[in-house]
Amino acid sequence: MTKTAFSSLLMAPVNALMRIVDAPLRRLQKATGISGMAAFFLAPNMLIFGIFVLLPLVINFVYSMTGGTAFFLSERSFVGGEQYARLFSCVDYLDPMSCQEDAFWTAVGNTFWFVLLQVSLMILASLVTALILNRGLVARSFWRAVFFFPVLLSPVVVGLIWKWILQRQGLLNYILYQFGAEPYSWLTDRTWTFAATIGVSIWAHMGLYTLILLAGLQAIPKDLYEAAEMDGTRPARVFWRITLPLLAPNLLVVVVLALIKAVQVFDEVYVLTGGGPGTSTLYLTQYIYETGFASALRNPGLAAAASILMGLVLVVLTLLQLGVGRRSENKGKR
Amino acid sequence: GDVRIMWYSDGVEGEVMKDLVDRFMKENPGINVILDNVAYGVVREQLPVQLEAGNGPDIARVAQIKDLSRHWLDLRPLVKDPAYWDENFGAQADWMRPDGSNQISGFMTQITLTGGFANKTLFDQAGVPVPGPDASWEDWAAATKKVKESQQIPYAMAIDRSGHRITAPLLSYGANYIGADDKPAPIDAGAKDYLTKFVGWVEDGTMAKDVWVSAAGTTYRAAADDFINGQLAFYYSGSWQVANLATKIGDNFDWVATGSPCGPAACTGMPGGAALVAIKYTKNPKDVATFMDWFAREEIVKEFSERTLFLPGHKAVVEKGGLSFKSDNEQAKAALTKFVEASKTTSDIALKLPAWRWSDTFYAAIVTRVSQALAGELKIEDAFSRIDADIAQKVKDAGQ
Amino acid sequence: MGEIKLSDVNKSYGSVHVLKDIDLHIEDGEFIVFVGPSGCGKSTLLRTIAGLEKITSGEIKIDGKRVNDVSAADRGLAMVFQSYALYPHMTVRQNLAFGLENSNMPKAEIAERIGEAARMLEIDQYLDRRPGQLSGGQRQRVAIGRAIVRRPTAFLLDEPLSNLDAELRVSTRAELAALHARIGSTMIYVTHDQVEAMTLAHRIVVMRAGKIEQVGTPLDLYNTPANRFVAGFIGAPHMNFLSAQVVEVDPASVTLTIGGSHRLLVPLAGHKLSVGEKLTVGIRPQHITLASDPGSLTVKVRLVEALGSETVIHADLHGEKLLAVVQGQKQITPGDEVHFSVAGAPLHLFDNNGLRIGA
Amino acid sequence: MGAAARFILRRKGGPGGRGWHWTDIVTWVWLIGGLVIMFGPAVWLTFSSFKTPAALNEFPPSILPYVTSQATVEGYDKPLQLYDARMPDGSTRVLAEVRRIGIMAQMVDPKAPGEIIRVNINDRTPVRSVSFATENYTEPFVHFDFLRYLWNSVFVTVVATLITLIVNSMAAFALSKYEFRGRNLAMLIILATLMVPLSVIMVPLYSIISTLGMFNSLWGVILPTVATPTGVFILRQYMLTIPDELIDAARMDKASEWQIYWRIVLPLTAPALAVLAIFSVVWRWNDFLWPLIVLSRRELYTLQVGLSIYSGELNVQWHFILAMTVVTMIPVVLVFIFLQRFITTGIAGTGLK
Amino acid sequence: MGEIKLSDVNKSYGSVHVLKDIDLHIEDGEFIVFVGPSGCGKSTLLRTIAGLEKITSGEIKIDGKRVNDVSAADRGLAMVFQSYALYPHMTVRQNLAFGLENSNMPKAEIAERIGEAARMLEIDQYLDRRPGQLSGGQRQRVAIGRAIVRRPTAFLLDEPLSNLDAELRVSTRAELAALHARIGSTMIYVTHDQVEAMTLAHRIVVMRAGKIEQVGTPLDLYNTPANRFVAGFIGAPHMNFLSAQVVEVDPASVTLTIGGSHRLLVPLAGHKLSVGEKLTVGIRPQHITLASDPGSLTVKVRLVEALGSETVIHADLHGEKLLAVVQGQKQITPGDEVHFSVAGAPLHLFDNNGLRIGA
């Protein structure tokens, strides 16, 4: 009761404001009709979005058609598709080393496997976590915080912590040492390092997706669970036939976001492995970043071209998912 | 008016600088100096972008001084006594001005020199004498290997993962990056010679593998932590590590600076450092010059160096000697003295490289490709040809 | 197989005490109907039997086994929810099949059962639609179908016919009765519909404010309601209650006045009434007839409702409301004075606490 | 008690019954595992933030921050470090080290400082005790314009989050509850741009910000981040689960579209809004790369940018970075704990039959 | 003020044609009831009037103004949804206040109106609960309340009483009637309840499969249904339909046989029937009486439903089903043979297309 009193006090000025806002908006609605209001609701987002996301993207595309080391378009020369041609000049597409931009193709290959494994494992982990957190646990908030905690850390700190854990003189070796194992250089072993980048990025981002799924789980009407219970449904089946389909819209969010974020993996890996050993954890964003910004070998045009290619792949992937998602979305409608 | 300085710190220099700036403002009440402390990453990555856009601070402490030299302000008409500048900072003036000009862009806040550190305690315990000043890289390898075996440490030696660091031994082995027309030359026999050895050492466990292998691209990675923990007998880094080692090693073991090991051609380290430069786009060139003048004064440079444990880039200060570094750590003082001494054996080409436009390109290519070779992704011969190809491509890109 | 026994069941939502000391014994195969005013706890009682709601105290036994801690899924009951609770992402067919698939029934049998239920409920055409594309009544039928196909030991039905039209309601009611006769499962049924309650129930449970007021066969409740509340609740339109005064007592009868002065002689054995005592007389509207002789009750008509086959007359008798249902269509308009006769009508007497006097 | 929760919680023997269902075991294994793996490093991080620079680099690493004990010994000006020294006869004594020459240490007994004992350095181990290097915290506060940075961070975070919530939810409302031409196109464009990492469009974005005069302005930090496609996407998907009938009902109640948005849809989207608010706060608070580019003046620094000054070219002062990381984490943890409570049972369905 | 005119309204959901050529003129202040089988399109029609559903073709006028493109919010109507559609995050009070706040009504008046509606619907105690904490009937009352407080020009009510108990239903019905009488708003009301339809409506609209079958006053529909469908739909239990054959014709009457040989004389002016023709006779169950003379119809009893005040007898007449509702409680059991008399009962004749013969 006091809580609601408090929040209503808090909301009073906001509500008053909204009321004032309402009058002109009603007139607007009269004038434009309901579909006009759709445009109104969309407008602010689209405006900001257009200026700060879309426009830079277009400029970026122009970049990819220019050469030189200068940052600003005015000082760059137009080279047409040359940067793309360079990225694609390979003797054998299956062997990155045969390409002119061998690092690009190595990064593409690495990113592919990373995304595949990271996304699937992370979604699995988030889903399990969300399901478990959705149970009537004692100290719910505490457990939520536990799984969310790493999200609060900046990527640099994440990379650092895990470097300290995994490096030869790190905590992990120390713990293993207590059990009599010899110290091992995890971070110089290609397989382990690759696994570590996956594990660490799951560790760092899982909380976000868990939270989205948790909100989705909570939105499933409880009477459906009651109906399923009356139908004598085993928990596993409830999960597959009720929870999962009804979670589909949120699962779609999670898959799309996780996929995109995975393709863009950078900071924490950069700190943790720097892309090594060799180039085994060199991912696309690091390639783009180094190509575009690392001072000596800078080539913003090439970086832009690579990023456009990366964007294209992502668009295709997302469209595929939305295609799948659309069907399940319609199913979810009550 | 306002003078903004973009400043990054590796250690305590930010605080020293703050002190000095306060003092300056007291003496020059009309000028308001604002110190914007930033990460080195900002200086390296954002500053170039800002500069191209014509933004940026009035003064900056930078390390890529040659690359961005077209953005520096020419202080020659503004400073009180250009002759003083030429006299005392002339040696490095080329590092920070466009080729062929006589511009005064600023001065070095710090000269660095690459060099080695040995864990004397480990040597003592192993009963192996620390190799002398004329010892070659092979000698060091042999000696540290003995230490490694007797003391059960994981690695004998390590070099920071950095093109600049590895260039020092390359030069000692007779490498020359600079071609006839001042363009990059193909990687030569001297360089190949050392790099092949280096790869061999990493493979046989003499050189620490982690440092070079656990990163890709041009990522910088230091091996200081291993040395600090007594896991290395010999560590090749540079003068800037002295303060760091002093605080972190404390009394755990004895360490000494050794200068750079020798090769067939020289016993050279690589010079480098950070400069304080004025920027063209300032609205207050006069105040900027006043500040630069003040800060370049001999006693200020001296004080700054003493308090930060940096090697000064001021000729008079160096020549007069008598720097009393503000440290109660005897080993640190000894090490700094050793570095000052070692600077005398710096080879000509090493002195030229900081002012050469393509050195960063070279460094980047070497680091990238050699670590791939170390990770087993490339054969060392392929690495060499890739290095050449990378550099050639860069030269071509830049021409566009 | 479907015997359910509730002892002393209580249920609270926080401080809201919803079920109070419920004691009820439902025989195997019985058809029980819960009735009671909106919000009296019928749905809650059903949900506690189903196992969807944990009871605060008391005991529930199914077939002699205490099931307080047995989950709903393991109680083997089927339920039709007042809110339908259809699975929105499944077609009607899938909704029906879901419970059957849970018990690994062969496909052919599932299809057969669905077909049968769909025919019975007239939803064959909609089998491939999703609940969102159905009308309210269609949804409700799907909800019923979902329970029916299961053939459980006991059915729990929460107002299963409330959204059906009269025609369909009658036929579905008949189908439910036939189903019950055929498979003999226990059925517990919540309804607001008098006809449903009267025609379907073996026994009716009348609830009020979380308590059971009376349990009995429909005609028991109709003919000898235990108290004024049950009397008023069973039978539509509700029973008329008139305040009365005892003017004469006899061992075998008592004479009362109603409406000020109208005298009624009520045969009543073994009563303890005394002259001057005040009580309430209940008369069902159907038992009042229009009379022409002025000696009967003279009332003023307030409202006339013509239902076609019968006419409901709302009237005033000395400030008390009186309802009469008379056969056929009558030419009476509000404001008229008419005469009611209660001669021969069964009368119900209630004391000041609302309890029935006499058998 | 949520039926869903109870349902999943159900044990084989029924609630309160004997025996554990396998899901109970999985749950607790997962939770305990999560505690160790998810939270363990964070706890370690917190302890590490109290370590001296030397202790940070130490191997073997310790969980708790230790320092070597010292003792003031008569006859010596400075406090001496204490060691457990193994004597030739096999016994151990606590000795204070006077100095070390090569591999031999000269030590004294603090209780009897007269006699110098020579011990091989391999025969002594430091006496250590837990000690928190609070100077990691206090020093940055002295040199660091903490309050100013804090204010900037709070301003950026709060304003950006509010704008994000409002602007995104408006867009999501339009995209989920209206049928109009171009709806799918808009959704597609929004999604398609989700995939652009900042580092890719940094330079163009920078020129746009410069052109708009938002360089060195907190708005330059705020605006580019607020139209996040992520937010629109999350909110839209959640709003799809709100029954359209509630909106119909509101229209019948003469509510304007704005009222529907504000009074009906927004409250019912609370769980998703809470999720987005948490994300937004975390992201904006931890934002580093972009503010670094836009803000080059000290008085505009956010905490993260301020913090980064400890990363030099050749050295990084991790002890300060860790300490300040811990400090800057506190507000977001509090925000999280506050907001996560809104992620509770969705109620949208309960208004319907 | 509340005149609504639908011309040629059609509505399809994709390929499902839900409303077909609806023409309907509702006068200002009229009380119109829509009835029809489940799924026939009543809710859809209501929603198109409300403006919540765009019509596929046709025209809707309110007070003479074409409103096809006017949004629901601007049509000035209030609606009670079949699914309630209460705002789940608001308390009952807030639910009621929402619509009023939207038209900037002063706080005091809002409180007053809410108080009044709450009293009328007996939800005063629940004003601070959320919908999730209410029983089905309580929710429904809130939904009604939300419309009532608005005092709109027209009400649209979709089965507003379906989840209320008989008692409350009667009183709420009376309240709605009183409200209508008081404020005179047009009301459009969907119901499955015969009594509601008969007592509330000025005119009843009978729908089937998206079409309007007949519009008329309750007694019109009851007494002279236009076709067999309406005849069967109005009146509960539904009318009996017996196949009959014409055996004698007369200008003013016709004689038929039903049940094989039982002769009936039906007065019928101006008909075009000829001897031997087959048709259907409709007799309402209430018009059949139990007779003792063997000359009447002899039927076999299949099922007896005792409702207390009346008894429903399901019987077989030569293979045709026959339902009779007789007054009081009878001692008849299934399997008995009884005699029905239809003497004096109003008879309805329908031709082979189901259309009424005669007035």
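Note that the chains take the letters A, B, C, D and E in the order they are written out, and that residue 1 is the start of every chain.
Heads up, the rule we're going with is that contacts are C-beta pairs under 8 Å (C-beta built on N, C-alpha and C of every residue); 3 or more make two chains touch, one makes a residue touch a chain.
Here the structure is a predicted model, which means the values were calculated and not measured.
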Count of contact steps on the shortest path from subunit B to subunit C: 2
Contact-graph separation of subunit A and subunit B, given in steps at minimum: 1
Remotest chain, subunit C as reference, centres from CA atoms: B
Chain nearest the overall Cα centroid: A
Two chains sharing the most contacts, counting C-beta pairs only: A-D
Longest centre-to-centre distance from subunit D, chain (CA-based): E
Euclidean distance of C-alpha centroids - subunit A vs subunit C, Å: 57
Inter-centroid spacing, subunit E versus subunit B (mean Cα positions, whole Å): 94
Whole-Å gap separating subunit D and subunit E, where each centre is the average of the chain's CA atoms: 63
Multi-partner residues of subunit A (each touching 2 or more other chains): 29, 34, 71-72, 169, 221, 223, 226, 228-229, 293, 332-334
Subunit E residues counted as touching two or more neighbouring chains: 71, 74, 82-83, 136
Where subunit D touches two or more other chains, by residue: 1, 3, 7, 10, 59, 203, 207, 243, 256, 259, 348-350, 352-353
Contact set on subunit B toward subunit D in their complex: 4, 6, 8-11, 14-15, 18, 34-44, 46, 49-50, 53, 55-57, 63, 120-121, 124-125, 222, 225, 228-229, 231, 238, 240-241, 244, 247-251, 254, 274
Residues of subunit E that touch subunit C when the two form their complex: 13, 16, 35-39, 42-44, 82-83, 133-138, 140-141, 158-159, 162-170, 192-195, 198-199, 218-219, 222-223, 232-238, 284, 286-287, 305-310, 312, 325, 327, 329
List of subunit E residues in touch with subunit D within their complex: 47, 50-52, 71-74, 76-79, 81-89, 98-99, 102-103, 130-132, 136, 139, 146-147, 150, 156
Of subunit A, residues touching subunit C in the complex: 221, 223-224, 226-234, 237, 241-242, 245-246, 248, 328, 331-334
Residue ranges of subunit E touching subunit A (in the complex, touch as defined): 69, 71, 74
